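In the two complexes below, subunit A is the common chain; its partner is subunit B in one and subunit C in the other.
What follows is the complex of A and B.
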């Protein structure tokens, strides 16, 4: 079966009058129907940009330099080549998005009812009454206990968790094929986080929606996703099923990330951290691996030539020269 | 809204301003009832008389009742204020929304033109425009409207830039709302607070500028009863008939003062940073 969303060799460039550089380089992703796909990476790794690129919401100084973003619903659409109007029909209808900050993601001047119904107005032909009924049903299904009352409330009257529930209701009310969740639980309490993740899981399972989960939290990935792509400095460095990545990480960066999680009962004094910082886009090396400067295993070739994505095992890729038997000096 | 009215009333200063402004408005609306005489009626036997029970504020050199002229002057002042500020506010809102939302070349184009207007002092720019268009009530309003446009544009633009960064705007885009709808439904309503405050403050500025222009003879033309015109006429008789000057000046001061009080109070009320 063909995948629902496919990113083929997508690169994103930044241009300003003075300089221009590449930010995201040759991303390849495939998200199947009903799949829960995670992108994990540090701040500045380009994970949010990737999701905005899918929605065609990049700011003016950013553009998709090359590659194709393909969405296959009833028909096949190349999202980055769609007209503005056609793209607006895709947004909210085929792909919905949940943002990180529930505090600012709702317009403070309108009631919850208005904001949920706004989505329906653009995508469904329904009477006012039907829309209201549908909105109430949706609020009920996201676990809001008195939906009729909430409908007339303004965003500031709701708690963070409630607002995120409303956001989920807004996103799923059109039954989109894909839900992009950009750090949906980062701004919430830990106890609420689990509830929201469970809720998203249940609802998407019910409607057969795929999820693209963007997060820096490996715990969230482990809890919700089937597959995961690890991003570093605008590239996918490792990609596989969540189980493979967690049990058998191949890329030194993934290994470093997993090592820096502190588990309960671990009494060692120091928390492991990967030395150095994520480079900013203007510091990206033209040649070689972008992680080489921080990699404990780096050797000459890492600085001179960019590694391809090596197939490791049956269903895992890792972008590292260590997997090349000829190049690796340690073998 | 009820909450809002209550807050204005609780704020004593704002209440004084509000009452003052309402009084001026009532004065203007009911001028024909309040004023004992027509504003241009000449009582030739009573020229330049001091205040008396027959002529409350005295009479001018043609024997016209100054009280009646001050009352009718409120009409002119408010009319100029509202229409001129209306022009400035409308174009300011339009340009500000366009510049702030689309940024880039449109922004550069609009803001550089506004900068040119900003380079001139208000009264000088208004004078120049009136001089070109010819002095009349309508042209005064147009001139003041043009002078006020850049202030509104700059204010709205900066407010739009702040509002635009909110995730609810990205969210609206992500749901498939068109640009026009986003501007009209989500951005414009969210920049209303500073806009309203600026309108009240601009009203007092417009009234003052009109009085200034009329005083210089380039605004409202005699015999129309504008406070500025009255000041101009009283100039030559300042020593022998000081009431001719005192009453219109007082009217101007009180009106401006009340509008400013109301504006200040509104600013405090609508400032999200001061909200508890």
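What follows is the complex of A and C.
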């Protein structure tokens, strides 16, 4: 089966007056229908930019330098080559998005009703009454108990959890094929986080919606996703099923990430952390592996030549020279 | 809020006027007046009473709508203020209207097309608007128009209800001059608040819904940007309603500003303090109106 969304060699460049540099480099992803796909990485790894690129919502100084973002619904569309109008039809209709900060993601000057219905206004031919009914039904399905009252409320009258529910209702009301969730639970209380994740899982399962989950939280990935791509400094360093990545991480960065999770019953004093910081785009090295400066296993080749994504096992890739038998000095 | 502000203004204006050297009796009777006649005139105006008594006499009149009579002409002050205010009011409304027509669309365009040639041109225009003094623009305009188009500034003033066409002819040029001055500030505010709002998360949400860019800009960005814009517009209107001395002089319009200026020159205390108190009242009223508009626009703001 052909995948729903495919990113083929996508790079994103940043341009300023003085210089331009490459932020995201050669991303390859495939998200199948009904699949829950996670992108995990530290802040600054480019995971949010990747999702914004799919929606064609990058800010003016960022652009997709090369590659193709392909969406296959009834027909095949190359999103980064669509006209503005055609892209608007994709947004909200085929792909919907929810964001990290429910506090600021809704327009403070409009009622919840207006903001939910706004999606329908541009994608459906419905009467006002039908739209209102549909919005109320949707609010009920995201677990809001008095939807009629909420409809007339303004965002500032709702709690963070409620707003995120409203965002989900807004996103799913058109039954999109893909829901992009950019850190949907990061700004919420821990108890609410689980509720929101469950809600997203249930609703998307019901409608057969695929999810692209962007998060820095490995727990969220473990709980919701089927496959995961680990991003570091604008590149995917490892990609496989969630099970493979968690049980058998191949890339030193993924190994470091997993080691830095504190598990229950772990009594050791010190929390493991990967030495050094995530480099900023102007610090990315031209040659070699972008993780090499922080990698405990790095050897000469890691600084001189960029590693390709090695196929490791049946269904796992890892972008590391350690997998190259000829290059690896330890083997 | 209104009452203490107006009370403060009345006290300050009353006592400041009393500190200005020279008095009305002297200006009326001239330098050759005798001590007796000066004293008699001062007595007539109550100027020989203790200051606080003068203040209370004045205020007790004002509170019941009696602003007293001009020391110079003996005419009732309030009707004079109102008829002059009508002119200033019309001038202000016209000027504000002209400034909005110019400033708001240009400000929005500049904000949306940030750092493009359009943006730079708008910013230069707005800088010109802010920095060229009104009187300079007024005189230049009159000069250019009269030299190249045989235009002559209309003399005398005709009320709007007497002859609307003539009235607008008279007021257009001064309103245009004032309007361009206001436009600069409004343009800058519009541009910067549009810029700020466009960076907000909810704009991204609206775009992610597939809403047309025009709707994003007008229904969401502009509506949110309107609050700081309203603040500056309210201030400008408040200031203009207090009279624009220079423009009124240049275009010989009998507005409020002119009234205050002549009043001060003639030490006509009652006129000056009455007019200034009225101006303060209007200013406070405009601010109140702006506050009410805020709460109408923004559900987060409420006055209870």
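We adopt the following convention: the second predicted complex is superposed on the first by the 331 of 331 C-alpha atoms of A that agree within 3 Å, B and C clash if a C-alpha of one lies under 4 Å from a C-alpha of the other, contacts with A are read in each partner's own complex, and residues count from 1 in each chain.
By definition in this document, a contact is a pair of C-beta atoms (placed from the backbone, for glycine too) under 8 Å apart; a residue touches a chain by one contact, two chains touch by 3 or more.
Model, not experiment: these values are computed from the prediction.
Visitor: Please tell me, clash or fit, for subunit B and subunit C sharing subunit A in the overlay.
Guide: Here subunit B and subunit C cannot both sit on subunit A without a clash.
Visitor: Mind working out whether A:166 is in touch with subunit B, subunit C, both or neither, as first, second, both or neither?
Guide: neither
Visitor: Which holds for A:105: it touches subunit B only (first), subunit C only (second), both, or neither?
Guide: Once the two structures are laid over each other on A, A:105 reaches both partners.
Visitor: Applying the document's definition of touch, where does A:278 land relative to subunit B and subunit C: first, second, both, or neither?
Guide: Neither partner.
Visitor: In the overlaid three-chain picture, which partner chain does A:122 touch, first (subunit B) or second (subunit C), both, or neither?
Guide: After superposing on A, A:122 lies in contact with both subunit B and subunit C.
Visitor: Applying the document's definition of touch, where does A:55 land relative to subunit B and subunit C: first, second, both, or neither?
Guide: Both partners, subunit B and subunit C.
Visitor: For A:154, is the partner it touches subunit B (first), subunit C (second), both, or none of the two (neither)?
Guide: A:154 contacts subunit C only, not subunit B.
Visitor: Need the overlap of the two footprints on subunit A, from subunit B and from subunit C, as residue ranges.
Guide: After superposing on chain A, subunit A residues 55, 57, 60, 88-93, 96-97, 99, 101, 104-109, 118-119, 122-123, 167, 170 contact both subunit B and subunit C.
Visitor: Show which residues of subunit A lie in contact with subunit B when the two form their complex.
Guide: On the subunit A side, the touching residues are 55, 57, 60, 88-93, 96-97, 99-101, 104-109, 118-119, 122-123, 167, 170.
Visitor: Hey, which residues of subunit B end up touching subunit A in the complex?
Guide: So the residues of subunit B in touch with subunit A come to 103-104, 166-168, 170-178, 185-186, 189-190.
Visitor: Which positions of subunit C touch subunit A when the two form their complex?
Guide: 114, 200-202, 204-213, 220, 223-224, 297-300
Visitor: Enumerate the contact residues on subunit A facing subunit C in the complex.
Guide: 55, 57, 60, 84, 88-93, 96-97, 99, 101, 104-110, 118-119, 122-123, 154, 156, 167, 170
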